[in-house]
Structures are given as structure tokens and as C-alpha cells.
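The letters A, B, C, D and E name the chains in turn, as written, and every chain counts its residues from 1.
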Amino acid sequence: MEFLESILVTPFIEIWESPYYFIELVLVGLSTGVLYSLVALGFVLIFKASGMFNFAQGAMVLFAALTLVGLMEHGLPLWAALILSVATMVGLAFLVERFMLRHLVNQEGLILFMATIGLNFILEGTGQLMWGSDVKRLEIGIPDQPFDILGGKVLLNTFDVTAAFIGALLVITLAVFFQKTPMGRALRAVADDHQAALSVGIPLKTIWIAVWTIAGIVALVAGIVWGAKSGVQFSLSLIALKALPVLILGGFTSVPGAIVGGLIIGVGEKVAEGFWGPALGGAIENWFAYMLALAFLVFRPQGLFGEKIIERV
Amino acid sequence: AKADEQFFPMLVYRTGAYAPSGIPVANGFRDYYTLLNKRDGGINGVTVTFEECETQYKTNLGVECYEKLKGNGPTGASLFNPYSTGITYQLIPKASVDKIPILSMGYGRTSAADGRVFEWVFNPPATYWSQASAVIKYFSRRAGGYDKLAGKKIVHLHHNSAYGKEANPTLEVLAKRYGFKLTLVPVDHPGQEQASQWRQIRRIKPDFIFMSGWGVMNQVAIKEAGNIRYPMDQFVGNWWSGSDADVVPAGDGAKGYLSTTFHGAGSDFGVHADIIKHIYGGDAAAAKENKVGEVLYNRGVVNAMFATEAVRTAQAKFGNKSLTGEQVRWGLENLNITQETLDKLGFKGMVSPLKITCEDHETMGPVIIQKWDGAKWSYASEWLTPMRDIVRPLVEADAAAYAKENNITPRNCN
Amino acid sequence: MAQAVEQKTEAAALTSPLVVNNIEVIYDHVILVLKGVSLEVPEGGIVALLGANGAGKTTTLKAISNLLGAERGEVTKGEILFRGERVDSLTPNELVKRGVIQVMEGRHCFEHLTVEDNLMTGSYTRRDGAAAVAESLEKVYHYFPRLKERRTSQAGYTSGGEQQMTAIGRALMANPNTILLDEPSMGLAPQLVEEIFEIVKALNEKEGVSILLAEQNTMIALKYADYGYILENGRVVMDGDAAGLRENPDVKEFYLGLAGEGRKSFRDVKHYRRRKRWL
Amino acid sequence: MFYREAGQFKTTYQDDQAVFPVLQDKAAVFLLILVAYAVPFVADEYWLQAIFIQFLVFALMAIGLNILMGYAGQVSLGTGAFAAVGAYACYKLTTNIEGMNIIVAILLSGGCAAAVGVVFGLPSLRIKGFYLAVATLAAQFFILWLFNKVGWFYNNNPSGTITAPPRELFGVLITGPSASPEARYIVCLTFLIVFAWFAKNLVRGRIGRNWMAIRDMDIAAEIIGIRPLQTKLLAFAISSFYCGVAGALMIFCWLGSAETEAFDLVNVSFRVLFMIIIGGLGSIGGSIMGAAFIILVPIFLTNFPPMVGLDISTALQKHLEEIIFGVMIVFFLIVEPEGFARLWQILREKLRKWPFPY
Amino acid sequence: MPDGPQTPTGRVIGDVIMKVENVSLSFGGVRALDNVSFDVREHEILAIIGPNGAGKSSMLNCINGFYHPQEGAITYKGKRRDTAKPYEAAEEGIARTFQNIALFKGMSTLDNIMTGRGLKMKRNLFWQALYYGPALKEELEHRAKAEEVIDFLEIEAIRKTPVGRLPYGLQKRVELGRALAAEPDLLLLDEPMAGMNHEEKEDMVRYILDVNDEYGTTIVLIEHDMSVVMDISDRVVVLDYGKKLAAGTPDEVKRNQDVIDAYLGVSHD
């Protein structure tokens, strides 16, 4: 009884009583949420273009960030290292198409998924082989200072705000690109049916290279932002796990879904941890994100913005 | 015939999520063993051999490595240093069966300090529980005495795993005794996201924070502490949250961060001079590259020194030849490292003397607080002895429970 | 007869844009499906490919449009030439750019796209401007008014026949010069079947599009085609002018259901069984 | 040429239904089982303890997941959690109930896992495909959190880990540290064989066909009279039962002791998933082959350079191992997307026709 | 046997077993079915024809519970059907085939047909896991039944082939086999002869007539091949844009001018 009260009543009273704490949690939730969206976006792009659930997205984040800091450690200036890292991601896209995707046309989702697991191993191995497994500091000049708003009741951080801004910008650009260009339509066609797409002359090769390149660049940005937060190291690849509930909540195929999903998960998990965590013993964020996604799915099995699952006979 | 060899297995993690911590430890071990061979021609003429096996900090790989290495060398493995609490738990039951001792220095199962139940496990110089008591002692000094602790707010920010939770029961006992208000704040693996935990802390406004973190969690915590403008000198990490890899990524924000340790950091000790001379050919830069002098490197060196001294001790009884795990265990149990020995080996000022007994496999060696100034660590307190009167009964109770569950009859040490 | 085919092929290689020369196709490394098929589609001709279920019609068409790879099938012998180029050296995309497009059996619409988006994907390879594409779209809607009504529905939710129309319309959007049609009449209402063939005829006559048609509805196929090949078990067993085939007694019996005195009622089939095969 | 079923006529449907219709296969399998039982007499402790027992445990789990995913078509990433339920249940049962037979305890643990599996399988009625994975991921994270958080599950010991107590079967120690690796191996092997056999029986009967029908086309399946919820939940139950039993064996016969981390997403759930995809979805034998691949290949790759006298650093070796392993996965998928099971089948078909090509 | 109109072949058409009354179904703006009523009598072959998108398949979907009509009622053997679940339809003896083949692609022909018998098999999990004993006995009994169906449809040769690899026409036949294996009282066939040549159609017709004759199964058939429809059906219902356009015997229907305009194009004799 007491327990029920502590999870069903007390947290709401607390929210009522400490509104600034609540606002603060919502704000950090939003800024984290944008960063989740950024990682989820990489998944969405590739899924949209090939029906492939890219398990290696996390490894790509790691790989891109490692390449960047690795190059910078060798004395390259930031801009040069950035250009070279982008070039590396383009090269990766070419290789992936040449040695993997092309041979797996028309295979089932699970098989494609498994292939990306192979890719995941390759990227993790190569990234660490080339640049080492040590933690590396990434300094890209985004100011990192706390500042007060609402008369000092709420504390934010310039870095989080800037990162959220960069993330939002990228996400919106991509959303527009894919909604407004003919490429967007071709992408969706490919995701539905590889063979039919081939039959109407959509060049899978070009599409895939383009999409993997974009996903690679998104991974690079995600890697930079997260890497600047916690240092560039292997754990970066684990943030892919945080993108999963976002992806599922928003719908695998939807760019706006990735954004909204990210925000909902970000805010939801922060608020839950802040108000419900103490009663439940804390560290509930992880499963809470999934439970939240699950709760949404029960009402919309295809996610908030996902394409309706077609069931016909 | 071949010269006698003493084989030391090395469970390392040079890859994966915890590699930044695993690499310096492994290098420390490696360099110290190599040094012994190059400088002294081994331990009393017995060549030291070693082999690494990569665990990636994963328990299943740890078990595999253990099985793979335990039979190597002419007499099998001398002892195991698992360097992971999870792997240690797995190896504890196997140790007594395979008759190979485990030396889990500053980690692993705390109650293994009770040598009557855990004959084969050694965890000197101090355990998580001892450490927690020493940290509270430190806080009391900062507050101006034990009586000033009453009403103070202390947060234990911990990794949400068996390791991270270890200190909780001791802290709870201490909270009751000294009347401070303890809040436990767990962070889920891997700990990249701590925004809400730190907002909670900001709301609590604790007087002190004690952190039991690991891996990326440490770096993020230090950054987040800066984000909420928490004063660094009230924020103390345990000895797994106080290495160079934890503070460097946080940049200037980490200045003034405190952590516990039981050995000195830096490369100014005698043993480092020898290492640079014998292994790096006098090239200090190359040594630096290999992390010589970093906190966890030094931990590897200290650990290797304990291990080899145990062998030396055992040699005094069994002769200067390859020893079995069982004989090394005897050496560990009778290990007595005096200040004199330390000076001779080049560890002067780096480690405190220690003496293991049949009953006490931990020794409750003193703990010290170190401070990061943005470039290096330096001592920021005097040596703090743990509170034996609180910790030891807890240890014995837990060991007794373990003995009961596993049908072990504690041996008699008198 | 095989000899005749070969001779013809050689001669035709000079004139016909699409020539299939004695190909063999294997699926999954073990299943041999085509055992030496040769055929040709002359410029501006309508050629029908007839045969029972599983004879290999679809496989032949996919081999021509180079789509077998996606099914783990491969052409192991022989060659397919389109205007002198081997198709296996071209990607499907390049083939479409050269004007060869296939309407796949079983519709294969992009089910999450709307009907109109489905049609628009067909214009992916075109570079002649939005106006020309819009014009083609109008043309398709003119041919299939039903599609215009359903243009904003997701293709996955349209009826079987509507999907078939979408698939054909999509191919037309590419402005092709050679269409490979796989069972276009399947699932279409009778009057629509006629209409589709009329459309095919119109394309052929007005725009000079060559057509290779795999079809079960032999009656109508032979009515509109100029030339026909009959496939059995992965081999061409008979070929000839459409008119000639229509009169062939075997074809009449097995493919047209006309036995001697005219069409027999389906009611009567119950009372007999027969099975005769060439080979 | 010798691999022929020529002369082996089947005169009854029963013969035709047999698992191994070709005599040579049957003989080979019996031989394999015999060899498997003989392994403890030749293999050294490292192989038994670190590799074979691990392989047996994971093979059992892979069969469990394959039932759910390969046969019933329900994507699950909760394998680790279901295994954890089995392990913790077994720990509670053996430490809290005096004198409980260890085999009974293990089977009951499977039952507990099955019950939990059913609960988390409920959303499968509405949620499908990759989306369903989220439901099982919720299980994965929630259950591990719970076991970590609530002291009751690990008898409130301060370390938060569970340790397998020593238990005997027919007077031989089979769990706990003092149990010989041979005894533990035999126990696991027997479990695997018996449960693989049960699984094979289930999937070739009505239940298995219902699962596959749901997998291949759930709407059509429902229309021909298969109740989707019941069928899916049964798959969840049985699959979790297998995972639970495997989880119990994992602690009691292999690791000896563990905390929740031993069952985490990457180490268990994903790993088992790799096994069944590489081995072949919808194949019991494939699960076993997949488990062998995923466990043995990395071990082989680690041990290979030293074997040929190559001395490279641990880290380099691990990275190369990862890369090669990744390349092998991609390569196998390209060669045969349907896994070892299919590769094996094709091989047999070729063998049957050999030396004639088609 | 109840009295009823006699068909030319001498079968006796029985009472109404299913009534469709004023059924309407819409999807968003699309009105797939609009106030449709007709009934089905025991043992008859009823054809539903109409242009593409007229709502024929949707009608079958309503009958077996995959769609639930917003208005109207469907009564089968005296019970309301329109709100029931698909599997309940199967339990009550309604089986069907699909327009876009809905076979279980990963399974062999035999297994596909055996799934059709699933409802009749009763052995529980325990026996199934043990296999030998009662479960095997049951399995073999039903296997024998399935083999009868296989014999009947002349698909012995592909018994063990995975259905995904079969050519289209054979897949249709297997699908029919799966429906027949359930020994249904009412069989719904959605374009069973699409994509077949004449000879194959003859085979299919033969199976349908045999089933109807020998087992007395009532058949509702959707088909676009008018010669087949006109030859074998007892009655025809014509749908157009979701509405019932006409109904009656084949002869009546094919002379109906509305039907000719909307659907047939030319008159078929």
C-alpha cells in the first residue's frame, strides 16, 4: 500500500511542489532527447532506404569519432580532420555497398540485420586497431559553461544547448531533404521491394551509397557531440542501445518520428528517474524508456509515425 | 635442463568498453615482471614468465582465460589477478578446487577478507567496505570531527552493479552511527547519461559525494558535477574512479577532483627509475607513452610486486624453484612486506607496509586521498586507517553466511 | 524444329533488337530451370511466350531484365543480347535507361507508397523534365481511370486488379521501347483484359514499342501477338506465327480448350482426364 | 556416390515422417551422440570447462530462441532475461528448499521462465517484427534491473551475486565448484540431447506447424483456424522454458556464480540471436551448428596465432579476431543467407546427385 | 435430404446456410461494400463476379471474419458471423483460398496441407513432445487424410517441396488442398484460376466440381474467367462499386444489360 502510494501519488505531489526541478528535468530531457534522435536518425535513414535494421550504427558512431580524434592527434587541424573523416565515411559507404549490400539484394530483413552485425564487428575491430582503445579527449570548441535561467532556479549548460541545436538543425535538414526530393520516393520504394525497385530502374547501388554516406555523416556528428561529452572511447558504440526505444516509438521509417520519439524518450526517462527513481531504487531510466515505448506501441503497433503495417489477404 | 620458471597468468582487457582502465594495469604488470627478469634475473634466479589473455571485462571470457592459463608453466599458474569483480566471483569457488590462489587487490568479494572461510582468496591492502569507512573518516575530518557529521548530507553515486553497490551496507551502518543523511544514487551501465542523477544531486545539495564508478561513468560524472557547479573538493571517487583516464576527458572541469587510493601516483618512485632504465632504455618519453606512472599503471606494478613477493616468501620455505599455486598460497598467507622491503624494491612512499595473516586476508591497510590538479595527482590527505570495529564484524557475518550456503567449514587459524 | 529455331536466331540477330540465345538458368546452384531457350523479339513486334505453370516463362523474362540475381538464380549458358549488348553486363537500371522494362508477375507494387507515387517511381530514370513525366502520368490515368480514383490510396490496400493496373502503369511511366509483360491479364476483369491488350496494341502500333508477353490466357495472347513460342519444362517446344499456332490442333486442345467442334463446357471436364505432353 | 537412399523404400507414413529418413544420417547422428559422450575421456579441462560446457548451454538457449523466432516468427531480444529468470529461480529453489532434487529444481526454473515469457509475450498479439523486439527488450532491461535491485532474489547477500551450491545426482556432485567438469558436461549434454529431441518432436507435429504458419503468414493462419494468441504464447512459454533451463545450467554447471551482468543484452541475447541466424532460422540442428560457430570461431581465432608461433600483442590479436569474425559472418550470409542448416541441406542434395551435376 | 431446385447434374440444392443482409463496409472514404444482401444455399456453387475493386474479396473477408462490416448482418448456420473472429469461422467449417496466394512459404506442400487439419488434431503438448505413442498415431491418421487430398489434387510429386519454390499454378492448387484438408462445409475461393492456362483451369474446375459433388461442400467462388463462371456456377451475384448490381442464374446474369456494361464488355456465351 505504502509502496503503491510512493509510486502513484507521491511523485505527482512532488512535481507539484517542486516545479523548477521538474522544468529542469524536462529541459535536460529535451536536450538529451535531441541527441538520441540524432543517433536514431542514422537507423531511420538506412532502414528507409533498404529495409535494413543497421545494427552497426553504434559502431559507425564510434568509428567516425575515433577517426576524427585519431587524425587530430596526428596533428591535423580540426577542419582537415573533419574533411578526412567525412571522406572516410564515404569510402565506408562504397565498401559496404560493394562487398555487402550488393550481394544481399532481396534478402529478408533478419538476414540483412545479421550482416550489419558482421559489419559491426569489422568496424569495432578496425576502429580500435587503427586508433587504439584508449579514451581520447575531443575538444571542438563548443563552450561548456553552466548558466542560469528563470532567476537562477534552473541551471542549463551551453554545451547541451549548442549540441541540441546542432542536432535539431541536422535532423530538420534531413527531414526536408527526404520529404521533398524524388530520392525520398525512390528510397521508400527500395525499402518496400528490392526486386521491383530494380525492375523499374531504380539504381540500388547509387541509392545505397548515398544513404550510407549520409548515415555515416550523421554518425560522425553524433560521435562528435557524445564524444565531446564523455571522451571518445568504445562506450560510444553503446549509445545505439539508447536509440532503439526512440526508433521504435517514432517508427522505423519516419524522420519526424525519430525527432519526436527522441524528445518523448528523453523527457520521459529523465522525469521518471527524477521523480519515480528514488521510490523504485533508482537506475530505472533504461527499462523505463523501453516500457514507455512499449506502452505507445500497444496503441500504435507501427510506432507514432511509422508506416502502417499492411495486413491484407 | 631448463631453468626454473614461475608462471604468472594475466587476465587483461586491452579492448572493449573498459580498455582505458585495462591497458595501464596490464602495462604495469608486464613492465614489473619484465623488470624482475632484466634487473634481478627473476625471483631468486627463477625466471618470471607470463601470458596475457584478453577478457574484455566479460565474465564468460574471463572463465575461458582462466581455464586456458591455469595449467601453463611447469607448475601451473602461480595466482590469478582477475581485475574484474564479476570474474573474481566466478573464480572464487574454482580456486579452492584447482588450488590456485586469487589475489584481488582492492576489488572482488569483500568478505573474502575472512581467511578462515576463503582460504584461497586474498584482497589486500583494503576492501570496498574498509575504503568506505576511510572515506567517511576523511569526510569527518573535513567537517571538523565525527560529531560534525550529524545532519550532513552525503550522496553515494554508484554504478548499478554488484561492484557499485558493495559499499552501500557499510555506508548505511556508518550513517546510522554518525547520524549523517545518506542518499544512494545508482547509475545504470554504461553511465553515459547522468543528467537526471545530477539534477537529483543538485536538489539534495549534499555536503559530500562519494562515487563508486567505473569506465565512462566516471568521466561523465566529473563533467556533470561541473555542469551543476558542484565544488570538486567535496566530490571523492573510490580508487576505481580516480585514474588518469577518468579525469583527462573532462578537461579543466576535473581540476580539484578527489579520489581515494592506496598507492602513490606519478613516476617519481624508485621502481619507475628502474623501469625506465631497464625496459625503456632510459627513454622517459617512450615510458610515458606506455602510461608509466599513471594511477592504474602503478596499481599494476604494485599488484605485480605483491604477487612476486608472495612467491619470494614461499621460496623461503619451499626453495628457489618453480612453485605450485598451493605453495604460492602459503606465501601469500605469510606475506609480510615491511618498510625495509619496500625501500629496497623502490616503493618507498608509494605503498604502505602490509602483513597478511591466516585470519585476515585484507590487512585493512591505510587509504589516502589524492587530488587531480589538471596535470597530475598528488596526495591531499594523510593516510587514513579504515574502521576495523565496524567493518570486520560485517565481513565475518557475510563470510559465515557464504560458508553456510556452500557447506564450507571455516578452518581454525589458531 | 530446334534446328529451325537456331537458324532463325542467327538470321534475326542482325535485325531483332532482343535476342535470347540458348540460355540455361540455374536457381540456388542446383535447380536447373531453363534448358536452352532461344527466342527473339523483332523491332515493333508483339511476341507471346506461352506455356504451362512452371514452364519457365517468368524465369526467361527475369533473365532478360537481369533480375535473376536477386533470386539466387544465374544464367549459366548462352547469351542475351539487347541491340548487340549483352544484358548481363548491364545493370537493371541501365537496361531501363535503354528502354527495356519489365512488369513483374504478381504485381510487386510498393505497398506503402500511394498509387500515384508508385507510378512516379516508374519515371525515375527519365531525364526529359517534369512536364513530360506529368504528361505520361495523364496518359496512364487515361488508360486506367480507376487508378485516378484511387491515386492517394496506399497501393497495399488496393484490390488485386488495381494493383495489376498500377504495375503496368508504372512500367509505362518509364517511356519504354521494349516491355516485358508477365501475365498482365491475371486477376483482371474480362473487359479490362481486353482493354489492356488494346492498350498494348496501341502502344505497339502508335509508339512502336516491342513487347514480349508471357501469358496463360492463350486465346487472347495469340489474338494480339504476331509470333508465339511455347515453352514446356524449360525448353521451347514449338514456335511460329500467331495465326499458325492458333490453328495447330495440339495448341487448340491444350491451350485453347477448343476440341474439334468448338468450345467445350467446363462442366464436362469432370468426366475425363487427360495429360499429354510433348517431349 | 555412397550417400544414396537407393534401396531404402518407405512403405509407411511413419517411416516417411522420421527425423532422418536416410539411413546414413541416422547412423551419423548416433555416432555423433556417442562421440559426444566420449568427449570427457579425451578432452582436457580447458576444452570441457570453458568451451564445451559453454557450447552446450548456449546451444540449448539457441534452440529455445529458434523455437520462438525461427519457428513461430516472433523476434525476441529477451533471451538473456529469460535465462536469468531460470538461473535466479534455480538459485532460490536450491538454497531455500532443503533437499530439492537438482534436476527438479532446474525444470521448475524453466517453468518460472516460461511464466515470465508468457507475460512478456502478451504484446505479441498486436506488435510485430522488429517492433516486437522492444517488448522483449523491455523484459530484458526490467528483469535484470529487478534482480539487481531486489535483495530477495539473491538472498540479500551484500555482493548481489548468486553462487551455485553443490548438489548431487545419484551420489555424484554435478553442480558447484567441486563437481568435476566431466560430470557437469554429461549433465549439460544430456539436457541438450533430450531437449533437442523434444524440440524436434514439437516442431514436426501440429504445434510446430501452427507456429510456422503464424510465422509465414499470420493472417492466413488465423483464417484457417489457428488461434494467434494461444499459439504465440505457447511459443513464448516453451522458448522461455528452454532459455530458463539453459540459464540455470549456465550458473550451476558452467559459471558457478554470477551477477545479473552475466545475462546482459550483448553477451547473451544478441549472441544467441547471432547463433540462430548463422545456424539457420527454423532448424534445430542449425541452432546447434550456429552455437558451435559463434563460440568456437573466436576461440579458434584467438588461439591460432600462437599455435603457428606468431607472437602478436593481445589487443592486436583481439582486433584482428573481431575483424575476421565479422568478415566471416558477412561472407557466410552472402554464400548462404539461410544459414548452416541450408548449406548442409544443399550439400546433401549435391552429394545425393554426385557425381552427376544436376 | 431437403427438397430444392435440381441442378442440371442432378445435385440437390439445400436450404440457405448463410445469409448476408445489408452489409456495408468502408475504409476511410472508400466504400468497399454498400448494402449488399444475398444468401448461400447448401451444396450450391455461388459465383461472385464484378469489376476490379468492386468489393468481392472484401465480401469474403467479411464472411470469414477478417473484416467486420460496419452495418448489416451475416448469419451462418443460424449464428451471427459478422462480429466473430477468423479462427472461429474455421472452427465452424468455413475454409478459403486467397487471391494473392497466402501459403506458408517456409513449409513443404505436405506441411501446408497438414496445417489445414490442425483443428481436428487434439493431442496436447506433452504427447507431442514425446512424439511416439498417441501423438504419432494421431499424426499418422491425419497424414493419411492429407495424402487423400494430395492424391485428389494430383500433387504427389511435390509433397516435400517447399511451396515457395513452386510455380504459381501449383501453389494455387496447394492452397486449395489446405482448405480442403479442413473438410469444410463452406468453401470460399478467391480467383482460384487466375494465372492458369486452359488445361490447368480444366483441372481446377474438375477439383471444384468433385468436391462439390462428392462431399456436398458449398462453394462461393470469385472468378474473372466468365466461361468458367457461367459453366459451373448455380447462381451468380454481381457486385459493382460495392453495390449488388444483379443476381440470378448464369443465364439471367449474362443477359443483364447493366452487367454487360459494367463488367462483361461483350456478352459471353
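Following the convention adopted for this analysis, contacts are C-beta pairs under 8 Å (C-beta built on N, C-alpha and C of every residue); 3 or more make two chains touch, one makes a residue touch a chain.
Keep in mind that what you see is a predicted model, and the values were worked out from it rather than measured.
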Interchain contact steps from chain B to chain D (minimum; 1 if touching): 1
Chains in simultaneous contact with chain B and chain C: A, D
As a test of understanding: of all chains, whose mean C-alpha position lies farthest from that of chain C? B
Per the centroid of Cα atoms for each chain, what is the distance between chain B and chain E, given in Å? 74
Report the inter-centroid distance (CA atoms only) between chain D and chain E in whole Å. 41
Go ahead and note the Å separation of the Cα centroids belonging to chain C and chain D. 47
With chain centres taken as the means of their Cα atoms, state the distance from chain A to chain C in Å. 45
Which chain E residues sit where two or more other chains touch them? 57, 66, 98-100, 102
Among the residues of chain D, pick out those that touch two or more other chains and give their numbers. 145, 219-220, 223, 315, 318-319, 322
So which bits of chain C are touching at least two other chains? 157
Sites on chain C touched by chain A in the complex: 65, 67, 69-71, 91-93, 95-97, 101-104, 108-113, 117-118, 120-122, 124-125, 154, 156-157, 170-171, 174
Contact footprint of chain C on chain D as seen in their complex: 346, 349-350, 353, 358
State the interface residues of chain A toward chain C in the complex, per the touch definition above. 105-106, 182, 185-186, 188-189, 191-205, 253, 307-308, 310, 312
Complex contacts: residues of chain B adjacent to chain D: 12, 14-15, 19, 23, 26, 52-54, 56, 58-60, 63-64, 66-68, 71, 86, 89-90, 92-94, 96-97, 109-111, 160-162, 165-166, 168-169, 188-189, 394, 398, 401-402, 405-407
Of chain D, residues touching chain A in the complex: 75, 123, 126-131, 133-135, 137-138, 141-142, 145, 149, 219-220, 223, 265, 270, 274, 277-278, 281, 315-316, 318-323, 325-330, 333-334, 337-338
